[in-house]
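Common to both upcoming complexes is subunit A, partnered first by subunit B, then by subunit C.
What follows is the complex of A and B.
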């Protein structure tokens, strides 16, 4: 483990990140979800689309994370366990991209649960009964899956609780499915 | 110290960017650069296959999956007056910088800054397609600033 605590690294990266007005951010995301609801009509389709968008964001975001963290804290070693990966997401990832840090618990070696106390994406949101099935922040699951997918970890991320559905916190359960094998190594072995 | 060339190779071995920094950089045409990029990619893959597996005692990830660990493979090559340094990211990208009589530390720092430039002006550019060649003035400028910073003339990051 590094000598610098992860939360300290998170603070350093956050302090170097350009900021935007949080309302602009929240409202922009709201407009996006509202437009998707208008375009797709079915909430299941909207959830799927949000997750897909999140994945596309995640595969690009991960390079930002890796480069900025290694500049802020060059001594931080790569994660060697899935729980360390979770710690890094909770203490650095959420801090540098959303300005919040979240709590983490580990129900099993291949699972971690992130607890978010206030979610900047859904500050003003109440889901109407007619849109009950909508997973408003589904994009976050996509980002987690996409970014870890880019570092060859196939994970499944899902909500257990959601503030905008009346829960007191938002919890995200992330389960590791497999390590994606490196294609190059396989080819050499065959020859 | 003089930085000579930068090559960026994607995870499947394709060259996505190359540039030269100094009038004393030996001229390389596009084909030369492509060849250098893919040859280095292959050598790097062989080196990481030939290196001993990491001690698995503290590893929770299955050991066979660590073949692509970013600490594997070729980090530096010393070839007389030429020094080559490679930064492999956990996403499988390789940044390869060559210099004449340069300190390893400043090359490492330059590579890390170039990675940040890549994250900013390639990955965050919505019109950049993943795994494709990087083209763009902002990216070019960022790379030059990062390299000049290490030669003591300004820099990309404040």
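What follows is the complex of A and C.
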């Protein structure tokens, strides 16, 4: 089977995706976080809420991802290892939804680390010392957890470095916790 | 000819079902003879039979997949069973076409046996589903499924299927 490089698939899908102005996107996200800070006051609560929102987004994004990727590259089989899953996120997922691609490394069989060189979410962002505990891009962790959760992979995603906190890159560590088993629901028991 | 169309989520809850090509006042009695009962209740039969049928369709798809999963060969490199999604189940009277997404949605269409493959049509319907249901902020999620009662999905899916060659006999 001829294998299309993932970055090529990412480019094809990106070229077909409707775009929005990146500054508009950045500012809209900024307004969202600012509003949450006003509503919840405590940064830990804001982090939690951002992650929750991210999960809900991720559950839907994965379907868009799957349907578009299967159209752009019908011969690509589903990922069979967790590292392939990571590659697909780095080269296709980030490209298709954020317009960037990121580097990936694999510290262990159940972990991968994504390195983002420029994060469109956190352009213009400076965290004031009084809000130090705020994980500004926490929504990304939620999206990764939500989307992989929808394909039966329970993962934990966390930041190692964050550009908006003075690091030179943003790194996200994703660890696989378990594979969720398929099962039928209530209506099918005892039949 | 396309008989019926179902969408299930991962745990077997039916999110959408519809039948096509049902004639007015037809209770399926006419079809019973040469269809060996498979078509029974499909054309406007009572709801209890409909519900039963809905469960049988999912049960069949689910158990067949489990069965096939256990029989499928091992991959030499990864020592894991090769993933082999269920495609088509063909009988003399009808054909069941299934498409399962990685997110656990199953799209199942029943047709008469003259239609050989519906896979790319099912994928096209998945794209309509993503467009009209998953991406719509109006569609609320309720524990892993979607409430599609207020979307254009049904209309668009029907429009699409009507253009499929062999929709009607």
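Note that in this section the second predicted complex is superposed on the first by the 182 of 191 C-alpha atoms of A that agree within 3 Å, B and C clash if a C-alpha of one lies under 4 Å from a C-alpha of the other, contacts with A are read in each partner's own complex, and residues count from 1 in each chain.
Operating definition for what follows: a contact is a pair of C-beta atoms (placed from the backbone, for glycine too) under 8 Å apart; a residue touches a chain by one contact, two chains touch by 3 or more.
Just so it is clear, the structure is predicted and the values come from calculations on it, not from any experiment.
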{"item": "Joint occupancy of subunit A by subunit B and subunit C, clash or fit", "value": "clash"}
{"item": "Contacts of A:63 with subunit B and subunit C, given as first, second, both or neither", "value": "both"}
{"item": "Which superposed partner A:95 touches (first subunit B, second subunit C, both, neither)", "value": "neither"}
{"item": "Which superposed partner A:51 touches (first subunit B, second subunit C, both, neither)", "value": "neither"}
{"item": "Contacts of A:181 with subunit B and subunit C, given as first, second, both or neither", "value": "first"}
{"item": "Partner chain in contact with A:109 - subunit B first, subunit C second, else both or neither", "value": "first"}
{"item": "Touching partner for A:71 - first (subunit B), second (subunit C), both, neither", "value": "both"}
{"item": "Overlap of the subunit B and subunit C footprints on subunit A, listed as residue numbers", "value": "59-60, 62-64, 66-67, 70-71, 78, 80-81, 150-152, 182-185, 188"}
{"item": "Touching residues on subunit A, where the partner in the complex is subunit B", "value": "59-64, 66-68, 70-71, 74, 78, 80-83, 109, 150-152, 179, 181-185, 188"}
{"item": "Subunit A-touching residues of subunit C, taken from the complex the two chains share", "value": "10-13, 55, 58-59, 62, 75, 78, 80, 83, 101-105, 123, 126-127, 129-130, 134-135, 141"}
{"item": "Subunit A-touching residues of subunit B, taken from the complex the two chains share", "value": "12-13, 45-46, 49, 58-62, 65, 67-71, 89-91, 93, 112-113, 115-116, 118-120, 123-124, 130, 157"}
{"item": "Residues on subunit A engaged by subunit C in the complex (per definition of touch)", "value": "56, 59-60, 62-64, 66-67, 70-71, 77-78, 80-81, 150-152, 182-188, 191"}
